[in-house]
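Next, two complexes with chain A in common: one pairs it with chain B, the other with chain C.
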Partner chain A sequence: MRNTHSQVTHEDARRYEERFAVRARKIKASAMRDLMALAERPDVISLAGGFPDMELFPADVFQTVMDAVRAEHLTTALQYGPTEGLRELRERIVQIMAHERATATVDQIMITSGGQQGINLSVRSFVDPGEVVIAEGPTYPGAVPPFTTYEADVVHIPMDDDGMIVDELEPALERLRDEGRRVKLIYTIPNFHNPAGVTMSLERRERLIDIAHRHEIMVVEDNPYGQIRFDGEPLPSLYELDEGRGWVVYVSTFSKILAPGLRVGWVAAAPPVLRQMNLGKQSEDLCSGTLNQRFILEYLERYDWRQHVARLNEVYRTRRDALLTALEEEFPASAHWTRPRGGLFVWATLPDYIDTQDLLARAIDRNVAFVPGGAAFLDGQGKSSMRMNYSQLPPTVLTEGVRRIGEVIAETTELFEGLGGVR
Partner chain B sequence: MKVAVLKGGRSFEREISLLSGANVEASLRRLGHEVLPLDVDREMVRILRDESPDVAFIAMHGQGGEDGTVQELLEIIGVRYTGSGVNASSRAWDKVVAKAAFTSVGIPTPDSYAFSQAAFRELGAADALGEIETRLGLPLVVKPARGGSALGIRLAHEPADIPAALVAALAYDDRLMMERFVSGRELSVVILGNEDPEALPIVEAIPLGKEFYDFESRYTPGATELRTPADLPASVADEVVHVALDCYRALRCHGFARVDLILDRDDRPWVLELNTIPGLTDTSIAPRAAAAAGMEFDEMIERVLGYADLGG
Partner chain C sequence: MRNTHSQVTHEDARRYEERFAVRARKIKASAMRDLMALAERPDVISLAGGFPDMELFPADVFQTVMDAVRAEHLTTALQYGPTEGLRELRERIVQIMAHERATATVDQIMITSGGQQGINLSVRSFVDPGEVVIAEGPTYPGAVPPFTTYEADVVHIPMDDDGMIVDELEPALERLRDEGRRVKLIYTIPNFHNPAGVTMSLERRERLIDIAHRHEIMVVEDNPYGQIRFDGEPLPSLYELDEGRGWVVYVSTFSKILAPGLRVGWVAAAPPVLRQMNLGKQSEDLCSGTLNQRFILEYLERYDWRQHVARLNEVYRTRRDALLTALEEEFPASAHWTRPRGGLFVWATLPDYIDTQDLLARAIDRNVAFVPGGAAFLDGQGKSSMRMNYSQLPPTVLTEGVRRIGEVIAETTELFEGLGGVR
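Take a look at the complex of A and B:
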C-alpha cells in the first residue's frame, strides 16, 4: 500500500533530506523566520508586510472584468498560451513602459509570472555558480532566494538618498577583476527602492549605464514601484539610457498597479536575451496564467489604469505622511530614515549598538513588528536597520505602531547607557 | 489511547514546535492512538476538560511549554503528560538555576555569573563588569538566562562588545548569564526513561569546513552536519554519557531530555544546558540519536508516551 502523506515516517523525511540537492539544502530557515512568524499574529500591528492594499481594488470593477472574460474569451482564457505571453497584453505593456520613460517594442517583451520570475530568469540565464552579482546594500529580500539558488556570490554596493553610490561601483569592479572574480549582473531597483525607499538620481543612472557599457556587464533594472509615485516626474529608466545597446534587462509587474494575486509581470530585453529567458520559462511554467493575462487585458480595455493608480497613490501618500510624522515624534535624534517619494517602504537606521533582530523581540512583546535590516543583506550588514511598510495600515494604526517601536528603542538605549556602553 | 498533542503557543520557538507537534501527531496515529492536535491558546484548559484525553503529549518548546507552566496546569486539571514535571522543567528552563544544581553535585559546567536587568538598573551591576571579565576571561558568552533558541546569544571578544551583548540578551529575558567560553566539540546526549534512564548514542554537530566548532557556526543555519554516533574513544564517550545521566538525575527529569555539552581540547566534557523537551523535527537531534540506537521514531514516541505521568 502506498503511504498517504500523514504516514510518511520520520525516517522517510530523513531519506529525502539526504537526497535533496546540495544547492537546495543551502536555502535554510533562520532565527529571524521564527520571530517573523510571531509578527503574523492578529493582535500585532505589523509594519513588516510589503503588500499593496487590495481593499482599494473596486469589487464592481472585478465583477465587470470577470464577466467580460467569461462572455468573450472563456475558451482561450482557460487554454495554454504562448510562453512569451498574449501579444495584445505585450502591446499594452509597451504603452505602460512609455509612462516609465522606457521605450520598448513588442518583440522585446515577455510576460512573466510576477516580477519575481523576471529576477529568477535573469539570474538563471546569466549567472554560473560562484560568479558575482552586484546588488545594492540593502537589496530586495525577495531577490535573495534566486541569488542563493543559482549560487551567486553577492557583493553589495552601499546606498544613500540618491540610490546606489555609483562612485563605489567601479573600484569594486576593479577589485573583483584583480581577485579573478567574474561579475555577471548588476541588480538594481532605481525607483523607490525596496527596502531603502530611495530613488537613483539621473546623474547616477547615466554613470551606471556608462560603467555597464565600458565593463560589458548586464544590468537588471527591477521597477515594480515606479508608478507608485507621490510627487515629481519619472526619471529616464536605465533601459532607456542604454539606448538599445542591450545591456539592460527591465523587470516590472502588475502587482503594485493592479493586484499581486494575478502574478503577472514582464521583462523587456534584447531579443537574444529574451530567447534564452523563454527557454528558462518553458522549464519553469510553460506560460503565465492565461486567465490572469486576459483579466488584465479586459481591465485595460475598459478602465484607465492611471486613474486607479492615482487613487492608490493618494491613499499611500497619506499613510507615508503619517509614518514619517510619527517617526519624527517617536524616534530618537540618533536614528535616521529615508523619506520616500513613492513606493511602499521606509528604511530606518538606528545607532549600531541596537541590533534590530533583538529589538524585534522586544517589539513583538508590545504587539508591533517590522523587518530587521539583516534580511536585506547577504553579508551580515544591516543589523541596526529596519524596514517599515505603510501601504497596508490606516494612519492612526501606523502612528500607534511607530509609538510602540519608539518606546522599545528608548528602553534599549537607556539600558545600553546604564551598562556603560558608549554611544 | 486518546492523546492530546500540545504544540505552538506564543513562544519564540513556535515554528519549531509546530513541526515537532506534526511529527508526533503522525507518529501517534501510526501507533493507533486517537489524536487531538492543539495549537495552544487561551482555550486550552477548556478544550482539555471537555475532551478529557488520557494523556497530553507536550511538543511545545520555549516559554510556556518548557518552563513548567503547562505542566502545572495539566496537573491542576488532572491530565497525565509526557516529559519532566513542573519542578524539573522550571529548573532546566532557567540556565542559572540548572547550573547551580549541576555544580552542587560536581557536574562540570563553565564558570558563569548571572544578573537581572534590575541589578544593572538599580544596583550598579555594570560597575562589576571589569571583575567579571577578569574572572571569566575573553571571549565570553552572554545569553538570556531563559530561552531555548539561539536568539540573543552573543560572543563578546573584547570589553567594548559587552554592553551591546548584554542589551541583546536582555531583549529576550530580564535575566542574563555571562559564561566562560569553552572551545571544542559540540555534543548532545538524548536520554530516555524515568527512574533508570538510558542514554542514546552521542550526537556530534560537525561544523562544515572548519576544524573546530566555533561560536558562529554553532548558530548559523546550514553550517553544521550531525554525526551519530560521535566518533569518540570509548572512555571519553563513557564519561560524556555518565555526566549527561548525572544532569538528568540532578534535575529529576522524567520521560526524555537532551543534554548539550562541549568537549574541550583535552577531552573534558562541560555541560551547557539540559532541554526537557528536545526538538522532534525531521532534522532534530533526538530522532537521529534514536535511529543510531536502532530505534524507529515511532518507538521513541511510544516510549515517551509510556513514561507519561501526573507530576513527573
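Take a look at the complex of A and C:
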C-alpha cells in the first residue's frame, strides 16, 4: 500500500496551524533562506546569498587533511563527541580569537553547529516571550527566526558609517525601562556588519560596554566576518572590552574562514552561561559533527589558516571594488550605499518611492537577485534598501548583475515619474 | 591584557540564573550526556553509552567515498546547502524508509542534524508551556531536555514486553481531558525501545493509531534502531498505519546504520508540518552539514548499506548474548531484565530497596558505569532500574562489566539485609 500525503488539504493545513505552539506560529522565516532556492537557478545572477567562494578551497588540501583524519582518527571522528566539542579544537579557537583581539580560555569555549546555533542558543537561553532584544537596524536577517520564535520584542537602534549609533542606545533603554519592559540582550555585529557593511568604532564599542555594565544587560557579539578584512587592523572585541566581567557572549564560525558546509562555529561566554547553552545544545543536536571538527583540527595543524584567509581577502577585495564601481555607474544619483572594508555585503538605499520587495520581483524577471532591506528589520523599516553580496561571483558577473538591477531601478523611476511622482 | 573569566563568582552565577529565560531554567540535562565524560575515562567499562561500534566502519570504504566527494562534489560539499537537505539524499531516504515499512515521498522528508534535532523540532513546533506530552515509561533520556525546555508536562504510559501498554493510553487521555489539560504529542519508540529494549506489537500499533485519529493527537514515532534487528521481520511503522492522514511525525537517523559523528538524521511528516519544522531548523542551524550529507549519498551509491548493517547486527547479536548470559550469572534472582531482539540496550530492574543512582556511585568506584533508570522518567519512577548498552564493547569486556555491577549489587543487598531489610 502506498500512502502519499496527497490527502492533506488546505483544511488539514489549518488543522496543524491550530495545533502548533505559539512560538511556532510566531516564527518568521529568514528571507535569505527563502531566496536560496531561487539563487540556485543557474540562470540567475544572485547577489542575494551570503556564500563564501568555495572554489578557493584547494582540493589537494582537502585530500591531505582527510587522509590524515582517516589514518589517525577515523573511529573517533565517526563517533558521537562531547556536547561542548573536541577540546583540542576549543584550544585552537582560543588562538584564533586572539587574532580578533578577543582573549578567552578553553573553558569559555563551546563548539556550535555554525554561528547560527550560537545566536539561537543565546536567544533561547535568555529571552522570555515579550522581553526586549536590542538589535542594530538593519540587523542580520538570519537572526530574525530566533528572535521571533522565542517571541522577543526587537527594538532597532539605527546605524551610520561607524556602526550602531550608541548615543541612541541609552535613551532607548531608559524609555523601555519607563515603559516597564525588560531588556534581555543587545545583539550586535561590530565588524563588517551583515547587512550594513560597516564597522563599529572603538569609541562606540567602549561606550556600548559601559552602558551594558551600568544597565546590567547581556551583549551578544556576533563576529563571523572579522577576519574577512581588506585593510586596517582589528579593533578590540566587545568580549575583550568587557574585561572578564561576563556580560558578553561572543559568537563566531569557521564558515567564512574555512567552509560553511562543515557547520562548525563556536560561542565564548562565562562558564555559567556556557553550562546553560550546553544544555540547550544537548536538546537541539547532542553535539556538532565530530568528523568536521576533526577535519578542521587536522587542517589547522598542517596549514596556516591566516594565509588561506589572506588569499580569500585578495579575491573578495577585487570583487568588492567591482561591485562598488558598478554601483557608481549603474545606480541613480539619488541612491547611496556603504563602502565595506571587509565582510561580504554592501547595503544600498534607494529613493523612498522604490519598494525593494517589488523591485526584486522585477529583478528576478531579469535573472538577477538581491535581499530586500525589509528582511533586516522587524518593524517595517528598510523597504527602500537592499543587501548585495560580492564574495561568490567574479567581477564581470557582479558588474552585469548590478547593470540589470540598475535597469529595473531606472524603469521603476520612470514609472513613478510618469505617475506624477516627484523625484 | 589577558582577561580570563576568573572574576566570575558564585554571586555571578546567581546573576545569570536570574537572567535566564524560564525555558532555560527548566531544562533538565540528559543523564547520558553527563555520563559521557565519565565513559571516556579509559579505565571505565562503560555500559552507559548508546554508541555504535565505529571500529566496524571500514577505513578503505571511507577513503573511496571521500575521494569521490572530493573529485566530483567538493565545492558544493563545502558550501551551505538547502535547509531541508540535499534532494538526492532525501530520495535515498525514501528507499531506506521502505525497508522500515514506512512509505513516504520526497516532499515529506527533511534532513536534520541527527535524530535529536527531529525530536527537538517536534516538541518546539507543537508544545506550549504546560501542555502534555505522552511518553512511554521509561522514555528516551535524550528526549528529556526537549521536553523540559519547552515546558511540556510529561505523562508516562507504562510498558511491558510488547511495548507501550496502549490499553492504558485512552483512559489517560480521557482523564487528562477531564482535568482540562491539552495533550499535544504522543512520543514513542516502537522498535527496540531505548532504554526498554522491547518492540511494540502490531495490535498495539494499530490501536495507538486508532486512538490518535479519534482523539486527534500528533504522534512522534522515533525509529533510530529499526534496522538493528537480530531476528524477525519489521512490523508496519506507525507512519504507514496512519495511511497518509498526517498524524504521525517519523524521526530517524544515519547514526546507527552508518555513523553518529556525521550528525545526519531526518524527519518525515506531512508537508505543512515539515514547513513549520523547516522554519525551526533555519533558526537552529540553517542547514545540516553538506559534506556529511554528500558523504552519505556517495556511500549509498557505491555500497549496499543493508550488507553493512547485517554485519553490524551479527556483531551486536553476539554482544547482546554475552550481556544476557552474564546477567543470568551475575545478577540476583530478584532482578529481571528485557531480552531485546534488536537495538542497543537492555533494561534491568532490581529489587525496590536498591537505588541505581547510589549503585552507580559505587559502580564507578569499580570502574564500571550504566545509566540509572531515573534518567528515563520525569516523574521520579525508575529508581531501581538501569540501562545497559552492549553495542560498543566485546563480549569479554561486557562480561567483566556485568560481573562488577553484580558485585556492587551483592554488596548493597548484604548491607540492606544487615540493616534488617527484607529481601
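We take it that the second predicted complex is superposed on the first by the 392 of 423 C-alpha atoms of A that agree within 3 Å, B and C clash if a C-alpha of one lies under 4 Å from a C-alpha of the other, contacts with A are read in each partner's own complex, and residues count from 1 in each chain.
Just so we're on the same page, contacts are C-beta pairs under 8 Å (C-beta built on N, C-alpha and C of every residue); 3 or more make two chains touch, one makes a residue touch a chain.
This is a predicted model, so every value here is computed, not measured.
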{"item": "Chain B versus chain C as contact partner of A:G418, first or second or both or neither", "value": "first"}
{"item": "Partner chain in contact with A:E233 - chain B first, chain C second, else both or neither", "value": "neither"}
{"item": "Chain B versus chain C as contact partner of A:A361, first or second or both or neither", "value": "first"}
{"item": "Touching partner for A:Q79 - first (chain B), second (chain C), both, neither", "value": "second"}
{"item": "Chain A residues touched - chain C or chain B, whichever exceeds", "value": "C"}
{"item": "Contacts of A:D304 with chain B and chain C, given as first, second, both or neither", "value": "neither"}
{"item": "Partner chain in contact with A:E179 - chain B first, chain C second, else both or neither", "value": "neither"}
{"item": "Shared chain A contacts, counted only where both chain B and chain C touch the same residue", "value": "6-8, 13, 17, 29-30, 33, 37"}
{"item": "Chain B - residues contacting chain A, complex", "value": "10, 12-16, 23, 26-27, 29-30, 117, 120-121, 126-127, 129, 149-152, 160, 162-164, 166-168, 170-172, 219, 221-222, 282-283, 287-288, 291, 296-298"}
{"item": "Partner chain A, residues of chain C touching it in the complex", "value": "1-8, 12-13, 15-17, 19-24, 27, 29-30, 33, 36-37, 40, 49, 51-52, 54-55, 57, 59, 62-63, 66-67, 70, 74-83, 103-105, 107-108, 113-114, 116-117, 120, 124-128, 131, 142, 145-146, 149-150, 184, 216, 218, 240, 242-246, 255, 259-263, 270-273, 276, 279-280, 282-292"}
{"item": "Of all residues in chain A, those that touch chain B in their complex", "value": "6-11, 13-14, 17, 25-26, 28-31, 33-35, 37-38, 41, 353-355, 357-359, 361-362, 412, 415-416, 418-422"}
